[in-house]
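Next come two complexes, and both contain subunit A; in the first it sits with subunit B, in the second with subunit C.
After this line comes the complex of A and B, so read on.
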């Protein structure tokens, strides 16, 4: 039996798609913001003078990078309620996604910090900079330049990874594809639409990163 | 409770082997596919280059899960091809792995200086002789270490097979969770098993990196670069 490609048969589900795309977007944006914050903390831990903090930070990164996100999502979704922590599927997916992504963010940010020559820390200290001034004016601008590209790739990775939230009952784009596909038998069309949604989201981040990067890191007038 | 868990250990270990086999197979197919795509990306024929670029960008910009859904649920409807959960997962993982591997392999091939390609040509080598004796031995040093990373990623992604009901490591953990009626211990054990496997592989990868680093240095020193 030949398969007739027909978008018309999934028109009725397009309203759900808008809600699903919103969920994907919200989940990704929140996870990105939170994991950058937590990742920065872990990166600083890994550079701390305290051996215990360094070890804990390193352990966190290794655990998150070597365990499947799906297993972490299941732990948050199934095991935390057993300890009395009940939450919505969306929140548990957000926690799992954030914990996982923070491990990668920490490594990216740490690589950025390592790239700042130690002499600069000493020079700033000798100039009487406070710690905040040191980071604000000397370290962070350089770190930002180094981590800019890998950070963009990690943002895309988070958007793609948010699809696993469908496994813990969050109604986002991947679960939209699955539900609509199985109720209308239109898996090809739903696949094409879901793929387009993810492609657009990822390429916005990708092309946006390149365009903003060109503008941010343009050469000053005098050196051109 | 832990005694009960102990009785499930053989089951988990067997499932771990299934996971390792599944991801290894996907990586191998991905390496072959990735090589072809990398060569297409470096071809002088523009349409071929564009097609390869499209393939890589496409599979890097969509989640593996929706590819898996399409391969497993969609292929039987659209093309009349019925795939087992194992085959469907292998295909989805291999598609993704070949897009990643093509970038790794391209970086490896491009790391071999242009002069080497020209010199091999000038020495009258055929394409295969040049690849076999000049390009590939040098490119492999750049390709192997990141391939270990791709393998770890593929191994983690193979957990998605549990979503379409294939009994590998993650699904086994979920089944044990259901029989035991307790989530915490089995799922934590599941995470631990994955961690040990992947951490072991990454240690091997780090050793490989160190070894090749030394070799690369010696090689360039010998070549007087």
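After this line comes the complex of A and C, so read on.
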């Protein structure tokens, strides 16, 4: 008795899929942007002269990289309300995903900071650059050029990790897959469709990242 | 500008997933196995998919052995066929896909049968009928389902379960919040992330008992669900044997006794009144 694939059985549910894909994309892109910002801050903390800041930054990275995202999502969604901090499923998932991803982003960005030769810091100081000017004009442009490709890996990791948000009631693509699979008992069909949707979403973000990178790191006119 | 190669690479990836799907399909169709009944009798074991965590239906003990109402039914079935039971501990998708890939001969896992689901697997006659009701915090102001609906409350439900249709039909003003497990639904109610949950009255009874003073049920029913044994579609001979087992298990009073043992009260009637 073979199993007959029937994608026709899934047609009635495809309307919900568009909304679910939008939710996955929105959640992932917001988490990516926020976690790059927080990760940059943590990476700078880890390079700070203050021992306390270095320690706090290191602690954050190790806690976030060594705890499962699912546990963090449960804590944000189920435990924080006990302390009076109540958030919607989407916001809970966004916070959990951002906190988790920022741990990885911080390490990627720190690697980029380490790659800037120490001589440049000394040279900038000798030229009278302030700390802000140093980072704005000399360090960060090099950092982002160095880490732009590895950052792409983490972007994709965030999109795929967003599938856990269904555990805290977010209606994203993994939620759609579970809901339609359980309704129709056609899990194989929903697995295949969800895989294709994630692949397309990851490629959209990836191609977007490449396009932005080309624009961001274009050669200055003088060198063309 | 994006390179042509980049776009080609993306397209190749998408095509690969499509091919993977086709390959799964092809391997499933290549199977031309003998009937399930013959396989079980030749093997001397029956492979039964059960849920790992749905007490009192089933749960896995610390020693790795499953126990519960569904597990006892599975053991009775093996006994009746004079073969050994072999349990496959599954989750919500796996209890279905185990049948479709023929990794399991039957699924006994609190399966609610309906026509849509029966297009991809087969169901026996029911061995249990449950009533879906609304579970609320004890201090909730709503007495009836109608009152709760008027207030537009947030109702936690299981993804793709009976509640998907039952809650919008009975409570059109309610906001639905979907979870993967009943444990998560209950957590949402207990932490105030949901105002109520829709589950069967056996589950609710157990939850009320385990959280004394914290929960109660609203008046009124949301849906009736028929719980049945699942089997791969297309094997009429195997369905014939399983239906005979279920009918005699119900008629003999064995079912009533097992139900009393695991749930602690008398089994409600299985026959519908219409």
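Here is the rule we use: the second predicted complex is superposed on the first by the 202 of 224 C-alpha atoms of A that agree within 3 Å, B and C clash if a C-alpha of one lies under 4 Å from a C-alpha of the other, contacts with A are read in each partner's own complex, and residues count from 1 in each chain.
Quick note on the criterion: contacts are C-beta pairs under 8 Å (C-beta built on N, C-alpha and C of every residue); 3 or more make two chains touch, one makes a residue touch a chain.
The structure displayed is predicted, hence computed values, not measured ones.
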item	value
Subunit A as common anchor, with subunit B and subunit C clashing or fitting	clash
First, second, both or neither for A:55, with subunit B first and subunit C second	neither
First, second, both or neither for A:183, with subunit B first and subunit C second	second
Which superposed partner A:194 touches (first subunit B, second subunit C, both, neither)	first
Touched partner set for A:217, first subunit B, second subunit C, both or neither	neither
Subunit B versus subunit C as contact partner of A:207, first or second or both or neither	second
Among 81-89, 117-125, 171-179 or 207-215 on subunit B, the segment whose C-alpha atoms clash with subunit C after superposition	81-89
Intersection of subunit A interface sets (partners subunit B, subunit C)	1, 3, 78-79, 81-82, 166-167, 178, 181-182, 185, 187-188, 195, 199, 203
Complex interface listing, subunit A residues touching subunit C	1-6, 9, 77-79, 81-82, 86, 89, 166-167, 169, 171, 175, 178-188, 192, 195-196, 199-200, 203, 207, 210-211, 214
Contacting residues of subunit C [partner subunit A, same complex]	1-2, 6-7, 10, 13-14, 17-18, 20-21, 24-25, 28-31, 33, 92-93, 96-97, 100-102, 116-117, 119-121, 156, 158-161, 164, 177-180, 184, 187-188, 191-193, 232-235
Subunit B residues touching subunit A - in the complex, by the definition given at the top	58, 60-66, 69-70, 73-74, 77-80, 152, 156-157, 159-160, 162-163, 170, 173-174, 177, 182-184, 187-188, 190-191, 194-195, 198-199, 202
Complex contact set, residues of subunit A against subunit B	1, 3, 62-63, 65-72, 74-75, 78-79, 81-83, 156, 160-161, 163-164, 166-167, 173-174, 177-178, 181-182, 185, 187-188, 191, 194-195, 198-199, 202-203, 206
